[in-house]
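There are two complexes below, and they share chain A, which is joined by chain B in the first and by chain C in the second.
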Partner chain A sequence: MNKPVFHRVLGSLVATAALIASLGTSAMAADDWKNPVLDTYPTSTVVTSGIDVTDNYVTVGQLHSITGTMAISETGSVEAERLAIQQINDMGGILGRKIKIVQEDGASDWPTFAEKAKKLLVKDKVASVFGCWTSASRKAVLPIFEKENGMLYYPTFYEGLEASKNVIYTGQEATQQIIWGLDWAYQQGCRTFFLIGSDYIWPRTSNKIARIHIERYLKGAKVVGEEYYPLGHTNFNSLINKVKLKKPDCIYSIVVGGSNVSWYKQLNAAGITGAALAKKGKLLLTISTTEDEILGIGGKNVEGFYACMKYFQSLPNENNQAFVSAFKKMWGEDSVIGDVTQAAYLGPWLWKFTVEKAGSFDIDTLAVASEGIEFAAAPEGYVRIAKNHHLWSRAKIGQMLADGQFKVIAESDDLIMPDPFPEGYK
Partner chain B sequence: MNTLLNNKLTGNKDQTVSFLILAAVLFVFFPLIFDIFRLNMVAKYLSLSFAAVGLVLCWGYGGILSLGQGVFWGLGGYAMAAFLKLEAAANIAKEAGSDQIKALSTIGLPDFMDWNQITELPYIWYPFKSFPITMVMILVLPGIVAYIIGVAMFKRRVSGVYFAIITQALCWIMEILFVTRQGWTGGINGITDLRTCLGWDIRTDSAQYILYFLTVALVLGMIIVGKLILQSKLGRLLVATRDMENRVRFSGYDAADFKIFIFCLSGVISSIGGAMFALNVGFMSPKLVTIEPSIYMVIFCAFGGRLSLVGAVYGTLIVCFGRTFFSELFPESWMFLMGTTFVLITMVFPRGVAGIVEDYGPRLLALFRKRSAGAEDLRIVKQAGVS
Partner chain C sequence: MSGTLFFLDIFKDYSSDELSSIFVMQGFSGISLFSVFLLMALGLAIIFGQMKVINMAHGEFLTAGAYTTVLLSDLVTKYIPAALPYYFFIAIMMAFFVAFILGYIVEKLIVSYLYERPLDTLLATWGVSMVMQQSFRLIFGAREDSATMPEWLMGSWSPTESISIPINGLFLLLMSILMTTIVLLLMYRSRWGLRVRATVQNREMSTAVGINSKKVDRWTFALGCGLAGIAGAAFTTIGSVSPSAGSLYIVDTFIVVVFGGAGSIIGTILSAFGIAQAQSILEFFLTGVLAKVFVLLAIVGILMIRPQGIVANKVRQ
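Showing the complex of A and B:
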């Protein structure tokens, strides 16, 4: 009586096994590479701490969300890191060793990030990890990186208040994005500011810094409103009414993720467009909307608004043109490259330069050697790692265009110092 | 003695055997084959299995499908995490000159409170300064929440799908509450970087071994508690309420009381699991109290067989291992494999792992004993019901 059931089970098991086997073989593709500089850099000297470095290969981890709600944002970072690693491998690798990637899926779930980070460090013994996107995922893995002594290259602009020996922050911390941008808005004649954010740590910390800067350091300027909405919020009409009532010179927006779509569309519907604001000498400045988000919002809805970032896809320098064309060649002509994607691209390169300077893959050595590492050919322009493991970089203001790209209209004269624990902003 | 153990604790011989096998697997087999990294992972899974054990009681036997077990699980987890975080904050306050200190405006306060411009410890955090009170809170908090919901729902005779939807809404409320009150709860980041418990470093290998065995002992303890209840008159009344509530009521019992009791108990069992999670993983996140993990808990229970307390643990372990195994091997396509597995299992084995054991176990045993599987054996096992 149970025989047919048993057969069905057997059949399905065979089918699953076949599926697994076919997926497995596609993942296995290793070429045989011989290290040409092995005599100069023997394995016994370049690694002493048990991480996975052989004569010919070095293993790194890649830990982003490939599934779940964050996948749409993190895909750009995954692709940029892959591109950088491939370019480095094509150049002969690092200390003659080609890079092998172990990819793990954080699944947009912070506890999963923690589990996978531990797996990469403890089981795979990777030499470094490129990964994480949200602050929540970074906070989840940070204790693991510190305990197991790993090195994380983290690409996203974030709230600061952190400087770990085991992390290199390739994105901007809050002050790098905010202060110069507010000064720029002030120069444009803005005196009243309305601060808006999604309700979590990054927008809250950023707006705290913005408020202090406006009230303490910009003469005659003031904050006329500060509002927060939950992540994923879609109804901004009451907020838009408040904005209309207060008539701020500058709408300062740190709305994040999917909420962006409703936020800008409803602004448009209420008649607050880039052109309408410009007529009155007002503007909207954001630090959370990149090319990636505009893809979802639609360029028409954001035309004429401004963003303060350190990278735009339209940057005219040669490094960037080479980067954009290489990226499109690898990932398709329709690819869009935002600020974080570029920052993720820096990770593998900065790691390569640090390892080559130190002549070692050991984490403790890299943590010290990172200070002063330069990347002159970075797509965003020259960057340098500071002692606090953040990057010196230049901020830029871009004006949003109908085609979803930015027109770069201003750039800071100097490299801006990363200052994750800003003294005057407590 | 042996018969007493059989009758009082576990009901019958087959159940005793399955319980002892589980105990042997958890206490001996896993520690032998896994290194501490994997064993810690098992401890994490087992922390989730508490919720599944609770669901067997309240869904399998009480007939109350709760899609909100994550809420109770999360209350326990957050209570434990709150205690550990206060200890961590006190430890940080002792080190002078570190970056962690420089980042703080109010020293001695958990870091996330400081980031949210809170300068004094909120009153709701006061109980978690003390270890004994925290332990009491882990048991009492979910009990109170479950009691309020239970009274409000069961006394009004809300049941079935309606109750399930309400518990699901509860999850959502919990998530919004925990994410938006970030000064009190750590918001979307959760409560991270928990290092010591009463001065004992919970991140070391030896501590993780001890915590593993503690978790195993507690899971087995919960199973025994569950079995004791199911063997009692109360257990039979529960099953009666599930199958024919009106008849129970006609017999003069207030059926709602039994439902409230079992709902509260399953909440408390879940909560203990949450607390063990915070200790095993060193971190608590609002991602764990939302709808998705609550649904997962129901899947664990269904996968193991919703009438089997032992099966609930196996169900959790198999689903979690599958999740880890598939996602490590195929990071891009693991979700499809998980989904396929769920569909196949529900189609082919609607009674879960316990059903497989019940159907095929006796035959295998018979083969093992080199004795033909008589109809007699099968009948006895089927009568026993619970495995």
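Showing the complex of A and C:
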């Protein structure tokens, strides 16, 4: 539930200060580390390009927004990557080399992301970068990663329609999140769908895929409305009246950011609650509300709604329990871990496994070696990198609880194939 | 269906009872948007309308009021949960005072030097708004916050089976009526209002007849900011607060004030009503984004014909 503000005030002051203080500097590796396996992996064989790998250390970059509007979302990713890197260092690093981090602040500004990406690749010559959050920031740095031949581990679920040699996408592309979730809603008896989104590329692309799936592949189902509202919109009464008029079986919501709070509060005030919908055999399904957002909305306002993600903090498996407690130990008991935060945690690990399999830090070697890399102990459960640099993973449906957590009620039987350029969805 | 009434297509599957309920609720949705616009615009109508100061930080005073409410709500939830049903009234007052004091300080330190250069107030207050936004971010964190609402403010009121009117919307409406009445009384029925209007019309003359114009300015500016704080507190009932929340409201607020005719509080009320109803109705028949486009186009069109806004004060130029 809501943490007392003054705790948070203090916590965020300290955290922000710490993150800002560490910008542009190396962190988290004592200077007296000696590589125990140097004979097996001499520097001359593990790196043939100009990246910063020495006998005892390897430098990586972290590029997220620490300041500006996106800081709220990206902080979790920064923290998860730090945790993974620390755990890897505690285990003796990668090919005997401990990881040093150079952190840069994208400042929620896309040109700044591009500039900092260039600095990390050209000046710091980092071996890989964990970073970006919004599609806009990824699009801004992509040409730089391709030109300077860097490797980016990108954590956010996104709209797809991209696959680069220089990026590993550890979040879901659109079809992985949408199709199975819609099938689940269909099995619950939903036949009419009302698609709602914030007005930018991710919700629009996602709803386009959703509409095609509903109209082409779900027999007898149809879309009864599709609506977009500007980012930051706070007045949803007209939309809610339209929803009431159309009486859809499933409200399919991709509202993001601050709008979320108004959207759910006003739904509640209008009498559309999880319990009220369930009584009529209807439901609200979202792919944009994670534990992080619920912290701001208040669990009471979303109780009984459903989300389709690949990760929930409440997943009962052992790996996740260990991950959650390690995360809380490092970043505070009050931390919540959403889907993207977990995906960010996968990045450093997948990179480690790839480097160890290839016996090399070289980007070209990693780009090829990535295919088939497995992470069996991932908090979300087994994942594997596909040829298109996205992850095979399982989708899950969680029901929102009053305490801001999810109850996992369904999981896809099979790993879902990542398909960033879906045939039959154009 | 006849061509001209194509948009009525969406109603063909519904009974007249259902339709009338929807229209009642839709009408109320427009009214609640009107209350939001009016609450936002009242403070600015005084600062921009009366004093001609372009206060770009208006939204941040609103945010300050909202954060005050969130803070108080958290304190009450933690220490005196029994007071939860009533704390909101105190929160509104505190929001007013916090924003009022902040406004007073900003006027004293910055705005008071700029009355001769109204355009520079734009730049200076924009700077203030950035400083305030980043301060909020440092103090409260970048996450969206929301206040715990008293039970009685949640839910909806159902006069019939199929009509449900959100209670927070009714509350906003009451708040905006109350605030407008107070402001109107202050401006037009009090000695203080007389002094404000005199100062606005002719600073030198009013100083000459013994009005302390510096003091009038300072209190007027602070009052406008305090009103923004109240709006901020009221908005926690419908939305969230984040460091940059104020910037979402500032554009709409200026549109309402300019369209209404700067300087006229009646104009502000009319314009808030017109814009809110137009937007709400269009949102229903079209979509959210298109509604905004058409409303803005209409405003631009009307302002081209009538640059002084819908209600113009008679001023000797």
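Assorted remarks:
As a convention for this text, the second predicted complex is superposed on the first by the 396 of 426 C-alpha atoms of A that agree within 3 Å, B and C clash if a C-alpha of one lies under 4 Å from a C-alpha of the other, contacts with A are read in each partner's own complex, and residues count from 1 in each chain.
Keep this in mind: a residue touches a chain if its C-beta (ideal position, glycine included) is under 8 Å from a C-beta of that chain, and two chains touch if they have at least 3 such contacts.
Small disclaimer: the values here were computed from a predicted structure and weren't measured.
Shared-chain residue A:Ile297: touches chain C; no touch with chain B.
In the overlay built on the shared chain, the residue A:Glu162 is in contact with chain B alone; chain C does not reach it. Contacts of A:Phe421 after superposition on the shared chain: chain B is touched, whereas chain C is not. Contact with chain C, but none with chain B, is seen for A:Thr234 once the two complexes are overlaid on the shared chain.
Touch criterion not met for A:Lys329: it reaches neither chain B nor chain C.
In the superposition on chain A, A:Lys387 makes contact with neither chain B nor chain C. When the two complexes are overlaid on their common chain A, residue A:Ala136 makes contact with chain B while staying clear of chain C.
Applying the stated contact rule after C-alpha superposition, one finds that A:Asp199 touches each of chain B and chain C.
When both complexes are overlaid on chain A, the residue A:Thr67 reaches chain B and chain C alike.
Shared interface residues of chain A (contacting chain B in one complex, chain C in the other): 2, 5, 8-9, 12, 16, 67, 199, 230.
The part of chain C that touches chain A in the complex is made up of residues 10, 14, 18, 22, 25-26, 28-29, 32-33, 36, 70-71, 74-75, 77-78, 134, 137-146, 148, 154-156, 158, 164, 166-169, 235, 237-240, 242-245, 248, 280, 283-284, 287-289, 291-292. By the touch rule above, chain B contacts chain A in their complex via residues 37, 41, 44, 99, 102-103, 105, 112, 115-117, 176, 179-180, 182, 187-190, 192-195, 203, 281-283, 285, 287-288, 324, 327-335, 337, 340-341, 344, 348, 359-360. Residues 2, 4-6, 8-9, 11-13, 16, 67-69, 71-72, 75, 199, 227-230, 232-235, 237-242, 244-245, 257-258, 260-262, 265-266, 268-271, 292-293, 295-298 of chain A touch chain C in their complex. By the touch rule above, chain A contacts chain B in their complex via residues 2, 5, 8-9, 12, 16, 19-20, 23-24, 27, 66-67, 103-105, 107, 109-112, 114-116, 118-119, 122-123, 134-136, 139-140, 142-143, 147, 159, 161-163, 199-201, 204-205, 208, 230-231, 420-421, 426.
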